[in-house]
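Shared between the two complexes below is subunit A, which pairs with subunit B and subunit C, respectively.
Entry: the complex of A and B
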């Protein structure tokens, strides 16, 4: 963190102390040089709707296609074209609204938001400014209190509204030839704008809230919400004020490409504003871009002065009417009717519900359920292993989260790409559970399995001679031999130094080439020495 | 319904329709005292507010129009005056209407891909293109400031 801090902050060493900053992110108040400050963070999130065609036209929605190949006459804003609303986009917005505990407006309206930019061919964007499709919801998310991830706290952020709107095209700036290249493939794709109230106080909270929203959207299927592909874009509104005083001037931070950068950008901006104000400066109500290389925010080139969007009702679209079980019209074509209750009944289990079920069903810790759901496919993998093994879920979870997950991370693999399948892992854990191998041996086998050479766990065990010695008599003989050969150690133990026993256990392990059960060995040695 | 009433009134030059229901009359608050309600020929409503230079510059910047000369600005003032007649109507307790289509059904389309793949046609209209991209100037070029403009506004100072 310190390496990313810009030069001027080194002039104030007392202010920017990474360790202090980390712990203070937990509390609402930041301690500046002169006075306490309360940072206020609000988010505007644009999620691209997962649909086959665009919001108001029948051209395809697809990432990375030849430029201007997925563009209809309407998307190019040729005169004489009209918008036709895509039913799937409305359903996606209703699902999302319901999942975020919003009131769904049975009547919502479309408006035009006017501004000039090369990637907005019409000169306006069709959005829902006056009466959006959903309002007044909430999103609950969890944070770790400490760095050990052992204590979690639940927070809530209010959702002001969710609105349907069009995406713009893409501009590629060619500074060398002083021109902009415009690709309209993205123009007209459906977006859900989720507006969050400024209930957050730091980068970490914002990051956790966005992560949870991402999981919810992916669970619903209303958006794939992959930030790297631009399917989820987040703008942060940041301001600071003294406790008890009115909110300060806010800046808008854009160009944030990942959840990690979101936290960084917000924290940088909070620090920058505190610095500026404590030095007697003022904060401009401006738009700033986050520079991920430098780790700081800079004023944006094109956004000078306050914009006046000249909102007006979209004259080509009547109000959007939604129905529920009570208000369902009797004789309307059902393809033209969207029933909120019908959608509500079919909502899948949200992440918070899934986590609760995992904890209740398998007796794992809440933190474990978070990690399981945080990795695509990991929860399913875990449940699959549990089904195929006699080992208790509480023990299985350790193998999933510590061993499997760390291998996946080391090799940058997804759960789907894992060379070890749930069947194979369950097989291995069964060997361990039946005490045919020790846990150290099991880890060795897993390392071998990771090579993905198609051998079964049992084959590897036999190959590397990792089976535990089952012959009690042979084990006893070896223990006796070790005792007989190390009279000094025996005396030390009998004199009251039990730790020396571990040395003897180690010697037995060596003699058996690691094929003895250390617990059993300890028992045998203790029995012999007490006699 | 409400729009039709107003339209009929404007054409026939009749007296002001009374808004349904009670409500505070705004007329006296708007400086129209002494203005006759039932005249056949409607005189120009008194100019509520002269359009300032700052407003004109702001409009030119937002809508990328150029009022160019005194006649253009005068036309704008007259247009605003004409529209101000709407304030004569008491609309207390009346929901605004944005379109006569408000009670029509909004058609919902199925989520099928039916358009696109007409790159060549779309680029036919483009003056400049680079490898199937449209070409535009680099970012938004800010309009010259008031002091640098050579429009009428400068002369009016």
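Entry: the complex of A and C
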């Protein structure tokens, strides 16, 4: 399966090639003759909250809108404007916190983080530095420990905190005119910053963790989490040290815009640091950018030394108070309060639970459950097909993963865009299951169905005369003709070489243009030869 | 007519004794002839007249919007007004026209008030004299009063008048001068450390600082978000209650406003003060309090005592630390709030094009005066990582102690605190500018900023004229959200002291023909 569809699986954790010939499955990396190195990887992830309006203003949130078309007075930091917290953003953060096993702070605070930048009009970002909305969680993720994807291990990374904060605008530098253009559409969009403890040790782990987080966010709907659209931005903190020694100086790697590059960037950075230290150099506490074309990290333009962000409480926002069933005030307007328990009860099944259910309910392999969830809508498609056929789920999964998925990937289509609906595929599989067509014929029908001409499988079968020969007499005649025409083979079989039988079966198939049931053909031939 | 109170002129409008357009025209004419006061930065003549005409239509149809319909008002130039320049008396915002109205401005307009213009202030409201704005200092109307001229000696040469004029106090000096000189019937100020009460006291008008959170700050260009409140300047306590009623209440655009609806109230005449307990905080006997002021304060306390009220000396022990903590918290928020003025989105932008950083630096150097830049500098210092605990956090802790002082005193049964508003009467400009802004602010805010630190309502009531013929006021501080009680007591006091009316030539000239024209109307 893996080799059939490399493009779509590129985001799947098990498929990364270990960089530079060493394996990351161990937590240490041997290099040269010295003591092994322990790489340490922590992540800071900014997930854009999926909401209609921004975190503190009423302006709309939309990707790729005309520049500065979604900017309220507050977003442009006009003097005298004040932030008003968006309830939806808080709920999204609570949902995410709960899904990541965090404790939700009943009281959290907002702070101002100051720095001057053209796309930060207020000169500060409102964030949650002192008391964030959620703390002390964990995220379990799985990855394959061999390249065949047959053995998976589950690991856990601790979540330090989740904080609500504002996104910045975008600066576009026009070097030829030496101008900077500022687009404030993104300024003030709600972000959840998820801070992971440095519990990972390689790019592959980080990638698997981020992929799992991405699926969780998408399942919750708290973020669309599309990396290419900047809805999920990952910065990696990387350091290496010898076992038993304190952590090394870390660098922060930014500018990573896909999960594949995340793994590459981290592995490159680990390798770079080891080489640097092995050669007697030192690691600077710096920010580095990943250059996806060169496949390496490079130091980012230095921001005039160390920044002091001069954090200060945001005076225009009262503390954010959340309630649970116990603390909920009796006569409080429901629009005014957020009840953590209420949100908890309504959390959808998380990917890990969904996978478990798929494995248990349909008897499919765990790795198949990963693939099903990796593609939006695929699990639902699978379940829908299963419901509409008599074919066993274990058999259906092959059609879903091998045929459907690889076709979609080849044509860069999403599941939703599939020219063959679950209903039609089920129809086809039913023909196969009822032995009205052979599986070879089924593939032919499917190839026809991809054209999306609106024909039903049965119509195609009829048109192309693909139905199995139901007329036993006719089949017997064809078998007899094959036997008669191939004396040498018959003799070989009779001399005790049963493998030659397959050749005869193939010949019958050829004569019937694949419309014969191979099992039946085999029976007929055997009967005739033994007679 | 122009000297009438807001309620009186509102009654006159209702009864058709005066038309909104006429009233507006008269105010505009008086603004012109008192231009030397420099009370207004922008006079919105056209829009004001248009608003007055609309008001007139409503009255003609017998459908006025309420008590404020057709009433000329002025607004401090740090409130955003759509279509009318909002400058904060700073080069940074010179020419800046906001696309929206501050909530308080919108509320006034929605109730039919006529916005005459924007009043002068210290740059970004940072000051206590209304002397430090780019449009020059505001002159106290009392400098030109008969009362002051008589007291300051017979040598009334024009050149003396030029050197003798006194400041209004600040930073809402323009609003106070506008109300005091009868160019409007009420004005909005802002109060962060005393910026409404201080000029009110110096200009002989009522200055109300409501409880923090009672009136929306949305659209008020902030000085210190955690202490700013829109302030109300009027001729009498009753008028302050009217304005409070029309402005107070929850604003969805300001998350720090109260959730509950505010019920506007009318003040009754307090017949009996015997159930009142008036606290005299001994710490307000501050260094520099003039003997004249002290005597007046005692006299006021006696007034209550003699009328049967309980008057007790109380202690607010952390008061002496308040002004330094105020300084730390104020500058820290200033440093933060001023960060947005970078010349990119609005306001002044320097021609410097070497780099973004140099553009920022030049813009801010050119746009802000020394006072603003000084506060930004010290505020950023206090917020540095290594200083944050030592200064900001400590100041916040002391702020809590100061607030607790008040809570304790009020819990002990005291209803209202009575203090002086200022240490002395207004200083002549020439004298005032001898000291730098920081020193002056520290002295002048000493009696007022604690109420801001604690978020409490406070009101300055004009009480008497000093030996120099200048107004002095006393301050009442009340419990949180107990504005009704505070104003009721202030009204009783106002009635007892019978503060004299300012005698101004310019006003007489403008108002006299009204009296001829409308003999039946007899206002004070």
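Heads up, the rule we're going with is that the second predicted complex is superposed on the first by the 493 of 531 C-alpha atoms of A that agree within 3 Å, B and C clash if a C-alpha of one lies under 4 Å from a C-alpha of the other, contacts with A are read in each partner's own complex, and residues count from 1 in each chain.
The rule is short, and it goes like this: a contact is a pair of C-beta atoms (placed from the backbone, for glycine too) under 8 Å apart; a residue touches a chain by one contact, two chains touch by 3 or more.
These numbers come from a predicted model, not from an experiment.
K.L.:
Going by the contact rule set out at the top, does A:84 touch subunit B (first), subunit C (second), both, or neither?
P.N.:
both
K.L.:
After lining up the shared chain so the two structures overlap, which partner does A:67 touch, if you call subunit B first and subunit C second: first, second, both or neither?
P.N.:
first
K.L.:
More residues of subunit A in touch with subunit C or with subunit B?
P.N.:
Looking at subunit B versus subunit C, the one contacting more residues of subunit A is B.
K.L.:
Taking the superposition on A as described, I'd like to know which of subunit B and subunit C A:317 touches: first, second, both or neither.
P.N.:
both
K.L.:
Considering only the touch criterion stated at the top, classify A:180 as touching first (subunit B), second (subunit C), both, or neither.
P.N.:
Both partners, subunit B and subunit C.
K.L.:
Quick check on the superposed pair: does A:76 touch subunit B, subunit C, both, or neither? Answer first, second, both or neither.
P.N.:
both
K.L.:
Which partner does A:112 contact after superposing on A: first (subunit B), second (subunit C), both, neither?
P.N.:
In the superposed model, A:112 contacts subunit C only, not subunit B.
K.L.:
Is A:308 touching anything from subunit B or subunit C once the two structures are fitted on A? First, second, both or neither.
P.N.:
Both: A:308 reaches subunit B and subunit C.
K.L.:
Which subunit A residues contact subunit B in one complex and subunit C in the other?
P.N.:
Shared contact residues on subunit A (touching subunit B in one complex, subunit C in the other): 73, 76, 84-85, 114, 116, 118, 180, 182, 308, 310, 315, 317-318, 336.
K.L.:
Sort out for me which residues of subunit B touch subunit A in the complex.
P.N.:
That would be residues 58, 62-64, 98-99, 101-119, 122-123, 130-140, 142 of subunit B.
K.L.:
Report the residues of subunit A in contact with subunit C in the complex, numbered from low to high.
P.N.:
The contact residues of subunit A facing subunit C are 73, 76-85, 112, 114, 116, 118, 121-124, 180, 182, 308, 310-312, 315-318, 336.
K.L.:
Within their complex, state which residues of subunit C touch subunit A.
P.N.:
79-80, 86, 88, 93, 98-100, 102, 217-222, 224-226, 252-256, 259, 332-333, 335-336, 338-342, 344-346, 356-357, 360, 380, 383-385, 388, 392
K.L.:
Mind pulling up the subunit A residues that touch subunit B in the complex?
P.N.:
51-53, 57-60, 66-74, 76, 84-90, 109, 114, 116-118, 171-175, 178-184, 301-302, 304, 308, 310, 313, 315, 317-321, 335-336, 338
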